[in-house]
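Same chain, two partners: subunit A is paired with subunit B first, then with subunit C.
Moving on to the complex of A and B:
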């Protein structure tokens, strides 16, 4: 069991998300940076379907009430276990009673906003509609359907890995091994959406040419962007229809909104583009106040981008298995 | 070499612009540091000297990929079990752990160099030294 010691806001239990319930009006939820969460679970030699804790606000402090192997992935940060330094993206081990403190990074080579705490055995909250992710709007899933509070005691699942020696390994964060930047600004790949042609030519050109700032009115529901005004040729009125994370809507003000993991499953604003699934993790880490560029890709390129993510994960799984093999001393000399 | 001999050398060095004298022998390593005429003599017995070797092949990282400052520097004191470097193989990072508490004497391999199994990565002075 782990206990939350800090009164930080917006910290939630997340797994990869709740799928198949959009028709019931239930959004996906799940980690904003699913790659960081998956890498954390793989590093702990366990299923990538287990839940971890998403931490967007610092400092964050917990106490371990049992021996526990853990890893902190996602954004860079300064973490200490007792008075010992804990390195990002590297497996560490806590003893009973030890306190883990996570603070903001002093300077970040990779500007990112969310840290993921993964523990051996996973955060063992009950499944709700097939997922452990927190559904904030519906107030279910995760821990009591809400953001974590000081004093919360979270159960940890039984870990088979604890029987083995700890592998003190880590991985190079994917933002460093698969960087996508233009002039130092994060490049997000998107596909044209249904109403793309309904916007003026100047608006369409501005979509590709301008950097888009992520405003302070951005959260797990959606990112509100600021940049040139995007206008339709004629006023557009649509009935509410299904939308998914990644969809870029343009409301009447002409400033786009990107739907994120907690987005409601329907909306009526016209859609100019959609962020491809393979870049949602990258966007999910982009800090408020930073900017992104959009670059157009085809369906085929979007599918290939997903393949690249899958091969990165596969490579990490293979390397961890190899490190375990090495540590067992089974390698023929 | 005796301490008396080293003190005599230190006296000679004090008047020169030689900043550092490093004398290694089978019994250990003498080091004289000369800072503007102020000399310091130190000795590390060979018994207290611990070599940390690469447990496998990889690229030696003395700095975490997300950071710009090294995990440890020459002269730093380290705790037993502390991560002092990383060995990168593909996307995998393997920790190089201090086998004992002590001081980092030298790091002979430069950042980013490819090392093989058994390459000496660090020389540490173990803290158990009675001096």
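Moving on to the complex of A and C:
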């Protein structure tokens, strides 16, 4: 069991999300940076379907009430276990009673906003509609359907990792190994959406040319952007339809909103573009106040980008399996 | 019959490579929605399809993996749309008493300004029809309703509000609905009602299903 010592808002239990219930009005939820969560689970040599904790606010502190192997992935940060420093993206081991403190990095080596804490055995909250992710709107899933609070005691699952020793290997964060920047600004790949052509030419040009600032009114539901005003040729009032994380809606005020993991599964504002799934982790890490550029890709390029993500994860799995083989000569199970 | 929404070729667009949106053309109607329900039922067994999500005379289809050949997928979908027969559902009717205007309806003045109607007229017109549930969506427990009188249609808000309360009765464009829990919305809230629409421990968790009916009654009008 681990105990939350910080009274910080917005920290939630997340796995990869809840699929198959959009038709009930239940959004996907799940980690904003799926790669960080999955890499954390792979580093712990366990199923990438297990749940971890998404931490967007620092400092954040927990206490281990049992011996526990863990890893911190996602954003660069400074962490201490008791007095000892803990490296990001490397497995560490906590003893009973030890306190883990995670603080913002003084000079981050890559720009990102969310840290993921994965523990051996996973955060063992009950499945709700097939997932452990927190469904804030519906107040179910995760830990009691809500953000974590000081004093919460989270159960840890029984670890199935066969390993005896902690692997002394780390993973290079994908923000460093697969950077996508234009003039130092994060570049997000999008495909045109249904109403793209209904916007004025000046608006369409501005979409591609302008940096878009992620405003403080941004969260797991959506990123509200600020930039040039985007206007349709004529006002559009659409019938409500399904939408997915990544869809960029333009409300009548002309400032776009990108739907994120907690976004409602339907909407009716016109859609100018959709962020491709392969870049949602990157966007999910973009800090409030930072800017992004959009660049257009084709269906084929979007599919290849998904393949690149899969290859990166496969490489992490292979590297961990090799390290285990080197460490004890066992064939990894 | 090329103008008939039941047989006219639907509009199809992509939501990245995650999903595809099929939209029937023409006036929103229950028979078209019954075809949407039928198509949804038909295609969830297709291997590429992770889930199908009905909207207002449209259907979002989410993929397990993006189809390698999207054009041939679209062709199969269009063929299936032509082939399916409307699916009729014997639904239940629930009655929801509504307080219109006042603190419960913070945007009713926007609806009045847009339509030129009084609070009483809006309440009268809004509570007149028997509304069929076309689809679930938006958030757990929410229902999209068909059949709203176009005289009270009001565009969605220029900027969505960050929080409207559960029970809020609202108008967005030509549609109306009831929020099941607190959350952001771009619709105009005209009143409120009290009802629990979603319980995750029940199967199904939603109180209402597509094909059920809602009747709003006027509990009170705050002028």
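To be clear about the criterion, the second predicted complex is superposed on the first by the 326 of 333 C-alpha atoms of A that agree within 3 Å, B and C clash if a C-alpha of one lies under 4 Å from a C-alpha of the other, contacts with A are read in each partner's own complex, and residues count from 1 in each chain.
Definition applied: a residue touches a chain if its C-beta (ideal position, glycine included) is under 8 Å from a C-beta of that chain, and two chains touch if they have at least 3 such contacts.
As the structure is a prediction and not an experimental result, all values here were calculated from the model.
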Should the superposition on subunit A be reported as showing a clash between subunit B and subunit C, or a fit?
-> fit
Determine, under the contact definition given at the top, whether A:88 touches first (subunit B), second (subunit C), both, or neither.
-> first
Just subunit B (first), just subunit C (second), both, or neither: which does A:22 touch?
-> second
Vertex at subunit A, arms to subunit B and subunit C: angle between C-alpha centres to the nearest 10°?
-> 180
Have a look at where A:258 lands relative to subunit B and subunit C in the superposition and call it first, second, both or neither.
-> neither
Mind working out whether A:31 is in touch with subunit B, subunit C, both or neither, as first, second, both or neither?
-> neither
Most subunit A residues touched (candidates subunit B, subunit C) = C
Minimum C-alpha distance between subunit B and subunit C after superposition, to be given in whole Å.
-> 26
Overlap of the subunit B and subunit C footprints on subunit A, listed as residue numbers | none
Which of the residues in subunit B end up touching subunit A in this complex?
-> 56, 64-68, 71, 79, 82-83, 86, 88-95, 97
Touching subunit C in the complex, subunit A uses residues 19-27, 128-129, 135, 137-140, 190-191, 193-194, 217, 221-222, 235, 237-247, 251-253, 255, 257, 264-269, 271, 274-277, 299, 302-303, 306
Note which residues of subunit C are touching subunit A in the complex, please.
-> 11, 13-19, 21, 23, 28, 40, 50-60, 62, 66, 68, 70, 135-142, 144, 153, 155-160, 162, 172-175, 180-181, 183-184, 186, 198, 200, 204-206
Mind listing the subunit A positions that touch subunit B in their complex?
-> 76, 84-85, 87-90, 105, 107-110, 168-173, 176-177, 312, 315-316, 319-320, 322-323, 326
